[in-house]
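Structure, as structure tokens:
For reference, chains read A, B and C in written order, and residue numbers begin at 1 within each chain.
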Amino acid sequence: MEWEIVIGLEVHVQLSTKSKLFSGASTQFGAAPNTQACAIDLAMPGTLPVPNAEAFRSAVMFGLAMNAEIGKRSVFERKNYFYPDLPKGYQTTQLAEPIVGPGEIEIHLEDGSSKTVRLHHAHLEEDAGKSLHEAVFESGHGMSGIDLNRAGTPLIEIVSEPDMRSAAEAVAYLKKIHSIVTYLGISDGDMSQGSMRCDANVSVRLKGEEKLGTRTELKNINSFRFVERAIKVEAERQIDILEDGGSIVQETRLYDADKNETRSMRSKEVANDYRYFPCPDLLPVVLSDDYVEQLRNELPELPDAKAARLRDEYKLSAYDADLLTQERATADYFETVAKACGEAKLAANWMTGELAALLNREELSIGQSPVSAEQLAGLILRIKDNTISSKIAKQVFEAMANGEGDADTVIEKRGLKQVSDTGAIEQMVDDVIAASAAQVDNYRNADEAKRPKMMGYFVGQIMKASKGQANPQMINKILKEKLDALL
Amino acid sequence: MHQLTIAEIIRGLRDKQFSSVEITRHLLDRIQQLDGNYNSFITVTEELAMTQAAAADERLSKGEAPALCGVPIAHKDIFCTSGVRTSCGSKMLDNFVPPYDATVVENFNAASAVTLGKTNMDEFAMGSSNETSFYGPVRNPWNTDCVPGGSSGGSAAAVAAQLAPGTTATDTGGSIRQPAALTNTTGLKPTYGRVSRWGMIAFASSLDQAGPIARNAEDAAYLLSAMVGHDPKDSTSLNRPVQDYTLNLNDSIAGLKIGVPKEYFGEGLNADTAARVQDALKEFEKLGAELVEVSLPHTDLAVPAYYVIAPAEASANLSRFDGVRYGYRCEDPQDLRDLYMRSRGEGFGDEVQRRILVGTYALSAGYYDAYYNKAQQVRRLIKQDFVQAFEKVDVIMGPTSPSPAFALGAKKADPVAMYLEDIYTIATNLAGLPGMSLPCGLVNNLPVGLQIIGNYLDEARMLNVAHQYQQVTDWHQQFASSASPA
Amino acid sequence: MAVDTQTVEKLAELARIAISTETIDEVSNRLGEVLQLVDQLQAVSTEGVAPMAHPLDEEQVLRADEVTESDRREEFLQLAPQSEEGLYLVPKVID
């Protein structure tokens, strides 16, 4: 039996506004508990909400980037349920009239193929606070502590259609959402801090079947890697059950990363009836066509358009262009390097190679790179003008990463300048040939076809003698002439 | 001194006939002496009042003080007062001392008015008799065996008993007008959005509106002028120019077109009450006004629509009272669910619980369309009735309440009978229109109220109309005998 | 229309209000009376009438994105039935 996995994602993105969705309290991450929970956030009696204009601006920008319909009239509703991290006893959210309607985006898969994923809608809502279960309190065992700093932080909840067919597609979609919100600058998209959270609706069905299978909802999967693993393991679980003749229970499940398994969240299973109704404390938000058009004009170049331009303008491969445009900061870095050194291909290679490895190793973002774009461009310029070889360049790069200054400083200080003096190289070639009688004999007696390969030994010896600083093209040229003269 | 109207106090303070400290002291003493009979105050803020009065005298001595500077008033206990317990008439908030002021309170403080205390009310403003208060019922100064009406029963009784010359109150379905009618006071519910709801504990957000209760229209105009205005902290607050409502009181009302809705004089209206209201309408004709019969065909549906919409909104508004961040928490909760269930089960009284359950029902899956949505559609029909009527008339008049004050306990066991107390007042809340009640006669020595319904933002005209009536009648100058101690 | 006790129990659970077994019949009866009153709504045709959530046809005014609130934690925590280390305490929350 061949199974097909069907996935829809609900992605919550925290907007990076200065203040909350309905109050003037700060949204800054990491403050001491409850120091950023004002009377409105605490649902003190008599307090009232007033929505944040910037949250709407962010949501509309997102909708435009998703090629979606914009809700010119949107309405906040109350979603009623009791939970200690929800001070009002209802979440103010949107349901019937959301700010962003249907849309679609293209996702890019690692095999180079693309696919369109449809957006069902996206809506604005307020975040909840946090319950701290682990802490032990003097005044009571078995108590949880409630921190409401996060309560009221603006979120957009982005709901996809069930259009994804593999964990890899889900990750590609998530990465696309991540790159769009960071390009727009409406969120830092930091999954480790919870700025971006993902719930996945997962079901399986036999290939060719049209009807969707019973789905489960995986809650709060908080990294790209966990999304992939959680979906895979949940789909396997469902397939095992179905193949054993069982059936799937529609429920909420939690992914346990340590055990790499999903488990039922029974506490969330109490039949909930959210009793949505329009929030009477808030009026319909009506946006003018002019406002929406103005934001459309303010849209920055988005990842797909940027990738197309990089292919076109810098002759990059599709793969490199996609890789370098996933994050706006990476693309900006690339363009700075490429413009400064005029060697786009080399710039791309260095960024996807040495720089990516460095950042990965040090767990740094491109914005935190110890090697600036200007420094990398300087290095490439020295490769280009033959001051150093590619091999030496790697040493220089490491030195720059260690804070030893720009390429010229490192080359100067360490004396790494490439030897391109014909006389000096001829002397080194002669010395090596003289010291390698056996290898010279072998070379002479070998088939013509095998000779180029055999030159490697001599090149290695010469490079060693020059401490890697001899110009490799010149070594090759002079060595060949001199060896061939001995034939 | 307690017999003085606000207008007289304003003049007296400026003429230095007495100081704010003197009149404040006098009223505090009177509250202490008499309020045991009425229970109109939940909290008396003696210390605060005396401090504010002294500061007001200081400000008056420098001249250029706002009109209400030094005038003692009291606030319904639904308005948050910084540092002063704000209970909303509920056990749930018996220990609640907010660290912030309602905008209404802030406005009066800015005007240097003096706060005598916080007045009693039905729990969370849910009631029409003031019997649902955690602090016990309020008694009607006209007959202490009778209710004063509700939910602003304390605010109305305090004015009627001359414990305060004016009070703040709120009206969700008639809670200013009906108690005003039952206590011979003048009360006005402004256009929805005219007065900020910030810091006013919500019952039904799309219906709640604050307004004054006073002895006459002129005093109500002084209080209202201080209350109104746009408040950016309340999204539903109207951003329209404010006015001084005392300026047009003396305009002639000759030619005024008064709409008389036939539906307000049908079955269920006490015959004596009807007669007093008819007398008042004749008085207006003498003043040059013209009576025009109008029809508000959806009147009968106002109470049913209200008892879906108000409980639905309340069911969510009151979810914040959960025993976590403030207010009542049950003893030794076994677990989280127990904390919620018992804190709310023990902290809320029967009527509040009943309305929360009704609202929960009206919003629950499968019933939303039949109840909540239907009620909101009917609400539009009710509004359209008024819009059409106001194409022909300037104001609408009728009874405020179907009968005079009833005995304590008489309707306690029958919620639906209690709900019908507000049959003539509820529609204006649903439509967002301003409404007021003023004294227009007595039946068996119990007061009868005349209701004036105005068009949107037409409070100045309503007060002018009421004031002109009060220039030729003296019902508003009648006082309950219980309020005149030997 | 009567409301059965099972419905009342469900509503009480949704609204998190403990209702004792002794009073549940009375609550059911009272709710039934109120629902009978509001059932009068069913008699009128409202076809094509837009629901009216607000009395006036006003539009929302948005607030500029500015931090206007300062830390008042200690004032607010004083109101809490139980708090420690700057946190509100509740019986353990189980996920």
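Here is the rule we go by: a residue touches a chain if its C-beta (ideal position, glycine included) is under 8 Å from a C-beta of that chain, and two chains touch if they have at least 3 such contacts.
What you see is a predicted model, and the numbers here were worked out from it, not measured in a lab.
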{"item": "Centre-most chain [mean C-alpha coordinates]", "value": "C"}
{"item": "Greatest separation from subunit C - chain, by CA centre", "value": "A"}
{"item": "Chains most often in contact, by C-beta pairs", "value": "B-C"}
{"item": "Mean-CA-position distance for subunit C and subunit B (Å)", "value": "23"}
{"item": "Length of the line joining the C-alpha centres of subunit A and subunit C, rounded to whole Å", "value": "41"}
{"item": "Chain centre separation (subunit A, subunit B; CA means) in Å", "value": "58"}
{"item": "Touching two or more other chains - residues of subunit C", "value": "14, 16, 53-54, 58, 60-61, 63, 72, 76, 82, 88, 90-94"}
{"item": "Sequence positions of subunit A contacting 2 or more other chains", "value": "39, 42, 44, 50-51, 80, 82, 84, 146, 273, 275, 280, 282-283"}
{"item": "Set of subunit B residues in contact with two or more other chains", "value": "96, 99, 206, 232, 235-236, 315, 322, 324-326, 336, 340, 360, 364"}
{"item": "Footprint of subunit B on subunit C - complex, ascending", "value": "3, 7-8, 11-12, 14-19, 27, 30-31, 33-42, 44, 46, 49-56, 58, 60-61, 63, 72, 75-76, 79-82, 88, 90-94"}
{"item": "Residues on subunit C engaged by subunit A in the complex (per definition of touch)", "value": "14, 16, 53-54, 58-69, 71-73, 76-77, 82, 84-95"}
{"item": "Complex contacts: residues of subunit A adjacent to subunit C", "value": "17-19, 23-26, 32-39, 42, 44, 50-56, 80, 82-85, 131-133, 135, 137-140, 142-148, 254, 265, 267-268, 273, 275, 278, 280, 282-286"}
{"item": "Interfacial residue positions of subunit B with respect to subunit A in the complex", "value": "79-80, 86, 88, 93, 96, 98-100, 102, 197-202, 204-206, 232-236, 312-313, 315-316, 319-322, 324-326, 336, 340, 360, 363-365, 368, 372"}
{"item": "Parts of subunit A lying in touch with subunit B, wherever the complex brings them together", "value": "39, 42-51, 78, 80, 82, 84, 87-90, 146, 273, 275-277, 280-283"}
